[in-house]
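Chains: A, B, C, D, E and F, in written order; residue numbering restarts at 1 for each.
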């Protein structure tokens, strides 16, 4: 099984880190290829940035998806998820959606803990989009400003563990999702410091991608996610333009 | 009061038609300027296309919004609405959201009628995003394929009136929204053929834009729609890059 | 365009104040006529009082609505709104409903702040009736008892501004509605003291009334708001009795 | 135990019929007194009429409630229920609310069948007010116009039984409520013609009123249904004015 | 009228206490028979224990239900309620469901107060199952560990009254349910110490059972609660096996 | 990774078939052990039967769970799922819940198609329990009675494919779940006959079980699924009694 990991941010270092952390969540017969967005922001933290990153996800998929069994959009908030799922035939999995669905298997209500308050509206939108608001116990963020997004999981490890414990005790969370690609790997490292299952969104997304591929289902030719008919386009990246125009010649 | 009308499609003819139809919905002290997306699709009909059109809306606003009191995104489905509302200080109104909120003033449940089945998933998403699903009686589309999007409101006038009447009789709609920018102007023309109020989304959006401007409220400096902090960006249209980087020099 | 402003309270001074504050929210081609309920309570603060005030609204409309383009029920809580909308052909707008719908254009969640705790159950019912509970961040009231309803917006200005700020910071409100006819005009006066848009329900209702009239829609002849058939009535105010009996002779 | 049955319509014949049918639903230690509204409509069929009937219910309770243990508002749609529950200390039960709550004990989803389509918006509002929309399988009405409201349960017996069976088979109802005071007594008469429990709203309301009285709970002195403070009133029926003014001298 | 009270716990002392407390809630023409589960736990406090207790309820009903008009499952949480309602023809009432439905007649939102935190997940599930989550103001439990379940209503009387008052003041409850069979009788004893109606679940369940029986409805022969067809079974208690196999010979 | 497959029915042939079909959904490093309920019904088709089967699931887990990484409850409807998840430390996955969560990754709304109408109430309850009702397009069943549950997927193959297509066309399903253990393996066989992804609940459950195990999360020591404290029990199967009593000696 071949999986594609698309980092919608422009940070290649983040892509490399996620590739490395992914290993533990892959079955022996699975390989993973990481790709970094060619344009956009070094990290996404708002709905406006996610709007633009979603376009970059579509461009990346149009250029690289051939030959893969499924793709993971590797930013919590899932920029471009619905659009990508509609446009392409391979299954596309988002880290936020996958983490929340996985959490539903392990408890009634999940808490969401992240490292920056500026992410909250975007992550709240992801909860709403999933239709799982009733199962979300809280969305909490570290109040302080971080110094380096690359190091934030170490810088704020204590604060994040404390918030996860408050999610359990004060908000009634049965599981806690450590949300945000920069926190990848933290869940396993601190799992003994919080008394409920901690969910790493990258691991959850990879788990869901593998589950979906092993189902062996056909891509949709009807319904809300059937590929749209061909249409002329102007001003788009070449591979994306060709895919939308169904210019296969 | 100065309003901006942004057509997220690349069709200048559609922009011109909307500018012309807008006149009846404007108070004497209001002027309107229409703009057409510089890149993208000639008309939007899917979530993937809306993802890309949303980026074009941000680019257009970044370049042109200075000096306007409010902007209207002139495609039902509201591409880029949340992102634009977050990124810019002027009020931004979407045709779908405005039509649905206006419908809530005139009846308990609204029906949505449009000219093509390919639009349904996108419009359903717009209903869900508005949080008004419980007040939506139906989303119906003409089953046949249209010949010309520019003429579709004439080509399918009979079918659309018939669907609007079915929305009332079979689905319990108290009002009917004629959804899709290409239907602009149809509601007034056929209003005596349907026994409930017909809502023209462009007129509704202009009405809401005027209502919001006359409130005299300040733009948010806190909450989910405060402007995000500056951030470096690569590969974006120049005006949008400068706005995101807050490069005011 | 001619608008009717119906004060369901018996206080003519409140009507006069609202007429005066209304000017800023009206387009140049709009005139407004204020009317005061002939019987009932000097101000409404409970569901029981709203039940009675709703009857007075119907009596007033039956007597005076001829020749107007739309009517505004000028008490937050919207006494008689559904009944009036059903019984009469002109559009009828309520201050609470209009304020909440307008707030939905400016943010994800609105807070509601008012001057007296006795109003809370009634205002909560208005939120529920609108179907917008999921978008309501909080309903907050000043804890202390006010001295004069006519002066309460000055007496409690500081407390109300403080509650609005708490609605933003503690409850996650993106906008704040200053609820209750006695607060008319306060939103504009204190708008720089709260970091999100403040919504004045009277201005919102006038904005929505103008928006609806400019739509040019027909009154319903079917659906939940078609005028009921004629029926004999006893013990009602003469104009209302004639309207219900359709005694047009 | 002494129960009050308030008919919000002006038809004394209907009151008499309900008193007679009530006997089977009363325990041996319960007595019932019927009262007819002094003003209003001979039967209520719209939200506007219910608005006015609600006022009549308050007037009747203010004059007669002393010495009773609970009151039943004997019109499906429950005019004045919330207001009465707030204003008076004795428990007040509505036929619609009681029928729906009782239905929840007997099945997952209830159907609602009535004798006239003009009643539908009002009854739908009653379902929504109860918060039980998710448990309502359907609201159906006989399509034809009835000749006499007093005889409608005989005139349409076959149509109503047929609709009840369709509610079971087509809509998935586990119980069926025969809604509308003029149908009182029909449920027992036709109970063998429908394969699910039929619910008579008068019997349900009397059952709930007895259940509430036997609880022995105190009236609220706090919360949403505590009696409002005294307030001056003008133009109201004398007993109601005195009760609102707390003029006990 | 003959009612059956089934205690799903193995404590005969608890059954005896409930029989004694029941008297005040029964009409003069009603008799009650108490039964105790033959196997299981001395008191139920988790979903796992409720799963097992539900089986015991079915066994008890299969053996004893003949000749009764209705049955009450006398544990808050209603173990086996849906299964019993489906399997048997007599109406079956649960204490949790009955208490919540009764509370809906007395206020907009109910609070739930109990004596042990270990009960919370089970009681929360009961709220969710009822579909009344939107009307539940809070579910609160005494934080300390109790010494004797038989004496807990005396041991924690002060704490429970305090929590009930906090449910009113902090959570906005209009009524408070004192949840858990071991609290039977407490509501009446402390009703003057809390300013809203207190609901005793046993009294509520008996009231609802009487209300349902007096309706005179037929058992369902269709819908979700029609008795399942005969099926062979192995390893079940004899009476239950015969009932499921419809072995009436 | 070692997975346990618990068939809550007493049919060993069904267990064997599921073990065989499972192979395609397992990664190379996963082994699966099947177990059959020792008592109960040959197949479960009602909530009453599921209540009893849930007890059997707990008994089986208590006796056999040691040494496994996760367990799958192999009946659509998930008997005993919540109880098992609470009582045991290993992750427990239900076929219905897993199928629905997986479906959420592949489309907005899922349809549910099964082979017998008697299953509908039970499956509807499973949808409601998952909190995903808003994403369920339909629950449909073959109308005819089947001859042999072991052969039903062949007997009704045509009918089931037809219903799946109607779920897409008439109900708007983006995916279709073929629900019920006896349909295991059918989804892959007929996947080219339906234009949307078909979901096999056994494959989905195995995929989710593997995903959860690869997360590497700790079992909960707090929250709604922490293991309950020790408690004396009578009349239970020995291994379950010891587990509940925490009799580890």
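Keep in mind that, in the parts below, contacts are C-beta pairs under 8 Å (C-beta built on N, C-alpha and C of every residue); 3 or more make two chains touch, one makes a residue touch a chain.
All values reported here derive from a predicted model rather than from experimental measurement.
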Homomeric contact chain B-chain C: same or different residue positions, threshold half: same
Selected pair, greater C-beta contact count between A-B and A-F: A-F
Chain located farthest away, centre of chain F as origin (C-alpha): C
Between chain C and chain E, centroid-to-centroid distance (C-alpha), Å: 44
Interchain centroid distance [CA atoms averaged], chain E/chain F, Å: 29
Where chain C and chain F are represented by their mean Cα positions, the distance between them in whole Å: 52
Overlap residues in chain B, where contacts from two or more other chains coincide: 108, 121, 124, 134, 224-225
Sites on chain A touched by chain F in the complex: 24-30, 91, 93, 97-98, 101-102, 104-109, 130-132, 134-135, 168-169, 172-175, 187-188, 191-192, 195-200, 203-204, 206-208, 210-212, 214-226
Chain F-facing residues of chain E, complex: 10, 38-42, 45-52, 54-55, 58, 80, 82-84, 86-87, 118, 120-121, 124-125, 224-225, 228-229, 231-236, 244
